[in-house]
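Just so it is clear, A, B, C and D label the chains in written order, and each chain counts residues from 1 on its own.
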Amino acid sequence: MKITSNFDSGNIEIIEATDPTNIQLAIRKDNQSDFYQWFHFRLNSTHAQVHKIHIVNAGQSAYPDGWKEYHAVASYDRQTWFRVESEYDGKTLTITHYPEAESVYFAYFAPYSYERHQDLLHQAQNDYNCQLVELGETLDGRDMTMLVVGEPDESKKKVWIIARQHPGETMAEWYVEGLLDRLLDEDDGVARALLSKAVFYIVPNMNPDGSVRGHLRTNAAGVNLNREWQNPSMEKSPEVFLVRQKMLEVGLDMLLDVHGDENLPYNFVAGSEGVPSYNTKMQQLEEAFKAAMLLVTPEFQTEFGYKRDEPGKANLTVASNWVAEQFKCLAYTLEMPFKDNANLPDEAFGWSDVRSMKLGQDSLTAILAVVDDLR
Amino acid sequence: MKITSNFDSGNIEIIEATDPTNIQLAIRKDNQSDFYQWFHFRLNSTHAQVHKIHIVNAGQSAYPDGWKEYHAVASYDRQTWFRVESEYDGKTLTITHYPEAESVYFAYFAPYSYERHQDLLHQAQNDYNCQLVELGETLDGRDMTMLVVGEPDESKKKVWIIARQHPGETMAEWYVEGLLDRLLDEDDGVARALLSKAVFYIVPNMNPDGSVRGHLRTNAAGVNLNREWQNPSMEKSPEVFLVRQKMLEVGLDMLLDVHGDENLPYNFVAGSEGVPSYNTKMQQLEEAFKAAMLLVTPEFQTEFGYKRDEPGKANLTVASNWVAEQFKCLAYTLEMPFKDNANLPDEAFGWSDVRSMKLGQDSLTAILAVVDDLR
Amino acid sequence: MKITSNFDSGNIEIIEATDPTNIQLAIRKDNQSDFYQWFHFRLNSTHAQVHKIHIVNAGQSAYPDGWKEYHAVASYDRQTWFRVESEYDGKTLTITHYPEAESVYFAYFAPYSYERHQDLLHQAQNDYNCQLVELGETLDGRDMTMLVVGEPDESKKKVWIIARQHPGETMAEWYVEGLLDRLLDEDDGVARALLSKAVFYIVPNMNPDGSVRGHLRTNAAGVNLNREWQNPSMEKSPEVFLVRQKMLEVGLDMLLDVHGDENLPYNFVAGSEGVPSYNTKMQQLEEAFKAAMLLVTPEFQTEFGYKRDEPGKANLTVASNWVAEQFKCLAYTLEMPFKDNANLPDEAFGWSDVRSMKLGQDSLTAILAVVDDLR
Amino acid sequence: MKITSNFDSGNIEIIEATDPTNIQLAIRKDNQSDFYQWFHFRLNSTHAQVHKIHIVNAGQSAYPDGWKEYHAVASYDRQTWFRVESEYDGKTLTITHYPEAESVYFAYFAPYSYERHQDLLHQAQNDYNCQLVELGETLDGRDMTMLVVGEPDESKKKVWIIARQHPGETMAEWYVEGLLDRLLDEDDGVARALLSKAVFYIVPNMNPDGSVRGHLRTNAAGVNLNREWQNPSMEKSPEVFLVRQKMLEVGLDMLLDVHGDENLPYNFVAGSEGVPSYNTKMQQLEEAFKAAMLLVTPEFQTEFGYKRDEPGKANLTVASNWVAEQFKCLAYTLEMPFKDNANLPDEAFGWSDVRSMKLGQDSLTAILAVVDDLR
């Protein structure tokens, strides 16, 4: 029996792994940070029996409530990620599984590797309607890359999609993959209508270093990028610095910043009601977008979500707030669950890579519903 | 140079085919009927030059206005059907084309063969959630087949989808293929939500005989099935007789009857405002469905369509009217263009098989929007 | 419970089909002929029980020994054809099956439809290296079509592949599909080497009328095409007349005529040892081809096969003999089993469409082994 | 304009990259080693002009003759790797390319990433006939993994396939992917016949650390694994130590050790004629294997290759020699070109990932030709 994690986004520490019924593991902290919750490891075992895997430091992780009614994902073939029995006692997350193959990967959510990220970017750039734009470099020397979809034209709205500031929220990049697939589909009416009215600026992965390192929330220097939007620096948060700079150069009429939420078993959006410049127009756009999402997919809902900011009290270091205040526009943080969508539960797979992709596709319809009014 | 049509849904008569620049053809009438407009033939030629194909009896076809701003479809590989230059002078439709391969198929719209029809039925029945039901036999001895999707349960709504009463309207079966693909997709939220609330009764092809024979509007006996719903008979219109009988046996809470329209370059629905029992509830359901369709896809619109029936003046021999009157429910005829969608034109492909499939997929979202109120 | 066969290559007559445990059927004779053995029908049933299907005239069919140790094929989805329990008592073939879906197709071998035939031709012609050539028309008015693969050049050998003179031998067209796929694969070394040395003239279906009609051995007029090569006529055997004429016009350095054999559970070839002009060169080519096939695939063998013709006693009305005599060249009839390959049995699928395709692919390697010596 | 290499198997140093027509780069040495030749980098540029990329230390690389008539590979989408104009003047390799997209990857040969490696292993283990076996860990802590295909049984021969001891020889892992695909294909006669007679022990990547690091020839410690077979150690060469130990435990009747050769534009094998125990039986097996390969594919040849070892003078630190001597069996080093196969040149792609896969598939036929005589 052996547990390893020396691969893209691997994260685990082995405390003891000799007795299959009592495997003791711990999640590593993000580098230079106290955040941790993302895990990703491979179990190789020939024991034809139940394996009990205890993640003993679950209780002190960034979001302990995230483990309640949470079920880890596992895969034999690295394509299909299914849910496995998992229980949380307030301290330890215990995964119970009888492996049907010699090697099993376990993760917090279906991983999205840096290889797949590069595939996504380069298969997209091959489309005549899509351009790859290099923005600069991360602290670990990886590329910060943006895709521009549509023929730029001043009359068109500028829609920005950014994802995975928090690298452990891999659903965010699956979401972008779905959205992008549809946007480049020349037979799709929504995509064609949208591209006659808007240009898309898409950053599929805001935090490649954290992604490869197996971080939950921070970049290589342990910085939470979604608290850096007021004063990013090339030293601490080049990822935000570079994208923000491009936003200011290009302009922006709408932002979706795509995330995953550890606690809530729902898809939802968080708006910018708390920014100083919030106004009726912004509110109407928010309402219209939500109404469209509600109609387009039962995966979306508006009942559960974050507590609304009080007027003027928004945290302007957060991407969507900073953007809303800066550009006086529609700016949403979009959240997907690590758990399941409690409104449409699927015991076998929970919220998944595939469902995230579909939500990305569906979001285009909601963007089309508001695009004419964005400016 | 040679022109042939002895294959599934083939329809053409050769008047003269010796000079590539002056090929003279005529469309055959439906058997025992005066209707004609569907054509489907194959041109084999080695002449490296422009071919001019004149369909000389276009002017007396069922819908002469259908040829205005219409462009025929063609294919080299029988998978991709593109539009070719076509002009109508009030009498003759002239197709001008420089073939890039030895053999080219031309058709009124992307064909949907009886082989593909059987594939559709049998790949669907393999899904655990879908059952194939045999209803009986056509005049030519073909099978009238229905698919039932979802676990029957009295509390669930009964949604019927029927298509291609008029066999030349092949987009109707492409639409059903798209709708069915999505309905059987276990990762799709709309499909999962729908199947928790409704059972689908789907007849992908109401007129297999006319389809194989290359008819425009009628069955093997030259009968227009969409005028048979009040008094169908096993002698003249077994297709309607059998399906109507099953509707009465099973029950029905909503109907979509899927068609293609020769004249209008738009997707639209025609409701049952003219049936005696029409009421506010039916009207509200119609409005809700249309509103959802409008939001879900820019391929749909409500500005252009058929003249509305006056109250009580609906033709009850038509499927959607007969159903609305019989079941006091939402019943729509859904129409797609043979031409293009003028709101979102695509010169290269026009309205197409692929776009029809997507409209079928999108329709599920609109059904979900009304499903709770159907009964 | 219902049995139907009104579809491409359908063939059955219903004697009685009321009791699932005692279904009585008969195979129809080929039109204007006494040959019969091909069957293809669809059973629709909701009885959750074993079905016993008796083909009561099996004993008088063309090849009664063909039913010994034969197992019928069946399919729920028309893609996967598996073997079902079948027993032959000298008179009746009894198929015993417990259907796992509402509708099941049964056939003598995996069908190859006219729609798929047209797809094969037209997807091939899209390749820059392949040309579709129309030869003329069958008695039912279908197209006799040939594919030419490779750039014609007098120095290159001319390799002819013809298949399915006997339309019920569908494995012959599956074989051609496999061979063609590989021949058009630009990354395949065997294909690239071959096309630098030879041009291929391929007739994937020598008998489209018989194929659509559900015949075993003959064309629309009940003529066995493989006895027509000395004196074909446009009246009785235009299929042979047209292809033979093209052979005489183009030339020929090698022929494979692809067939299925009802009795022998093996793949094998039959040569032209009995033609008057048979010589050492022809013999050496035959030996070299067989040796290569033996090495390339364990699906091929030389132990079992037809009795060898005595010198000068070959039937010159048979394609491979007529060709060998006419062109003094390598000419083989290649036979595949309807049963299984007894050297490599697969209980679940027997000899199959997929294995036929692979044998077609493998044959190219054997052709390459002899190509330099063909002329 | 920007050049980066911080990704799987990336290897380049930037000397100067400001003027597109004069980009100066150098290849990094393998860690703790002087070997270098593998390169892999990404060029991002918006200059619509020819780019000239000089690899200035090509002349001192491990195999300077490897650059003669060599053409680098490039890709826009990371799937299709095409050849680009490259010239070597004895010192510098100059790549001249006009990019058709914003971002282009360049490499010494089509890369095979560690992600794909893990996909290969885990998709294979899902097959009922394949088992994944963990052997231990590399110096960088990666998994040394073996696949066992076939039901172990003492009567069966034990065929070992190992690949990519030299990590820059990525064609070796492409070869294994092809071989494995075929071996697990249940419809393939060669695979089925082989698995009734042999069990396969396959190590797709002998050097994962070197692969990820972008090395040419060595592991993380700069050790050339193919010189370690007499005295491997867990400290310097755990990769060899672990595999060798398993060979001794399991047994071995045949070995293919798969490589790429920098200089020779041919596929060939190097045998064990120089090992002390070399005998007639081994020679006959070698001859039979080569004869089969020659017949199976024109991609293989025996005219060009390495100088044969003199009797008893073989280097027993090399895998195939050590194995031949240890197990008195057939053991071949199989070499594929980095350049092209000069016998069947393809200017656009050269020797490629796809052709390597096909050679792997074809090799199974040659193994079948000798399998009965292996022991």
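Heads up, the rule we're going with is that a residue touches a chain if its C-beta (ideal position, glycine included) is under 8 Å from a C-beta of that chain, and two chains touch if they have at least 3 such contacts.
Everything numeric here is computed off the predicted structure, so don't read it as measured data.
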Message: Touching both chain A and chain D, which chains are there?
response: none
Field: Interface numbering overlap (same over half, different under half) for chain B and chain C
entry: same
Query: Taking each chain's centre as its mean C-alpha position, how far apart are chain B and chain D in Å?
result: 55
Task: Would you mind pulling out the distance in Å between where the CA atoms of chain B average out and where those of chain C do?
output: 37
- prompt: From the C-alpha centre of chain A to that of chain B, how far is it in Å?
  reply: 41
Task: Pull out all the chain pairs that touch, please.
output: A-B, A-D, B-C, C-D
- prompt: What residues of chain B sit close enough to touch chain A in their complex?
  reply: 187-190, 192-193, 292, 295-299, 341, 344, 346, 349, 352, 354-355, 358, 365, 368-369
- prompt: Considering the complex alone, what residue numbers of chain C touch chain B?
  reply: 2, 4, 6-8, 42, 44, 75-79, 101-103, 105, 113-116, 118-119, 121-123, 125-126, 131-134, 137, 140-143, 145
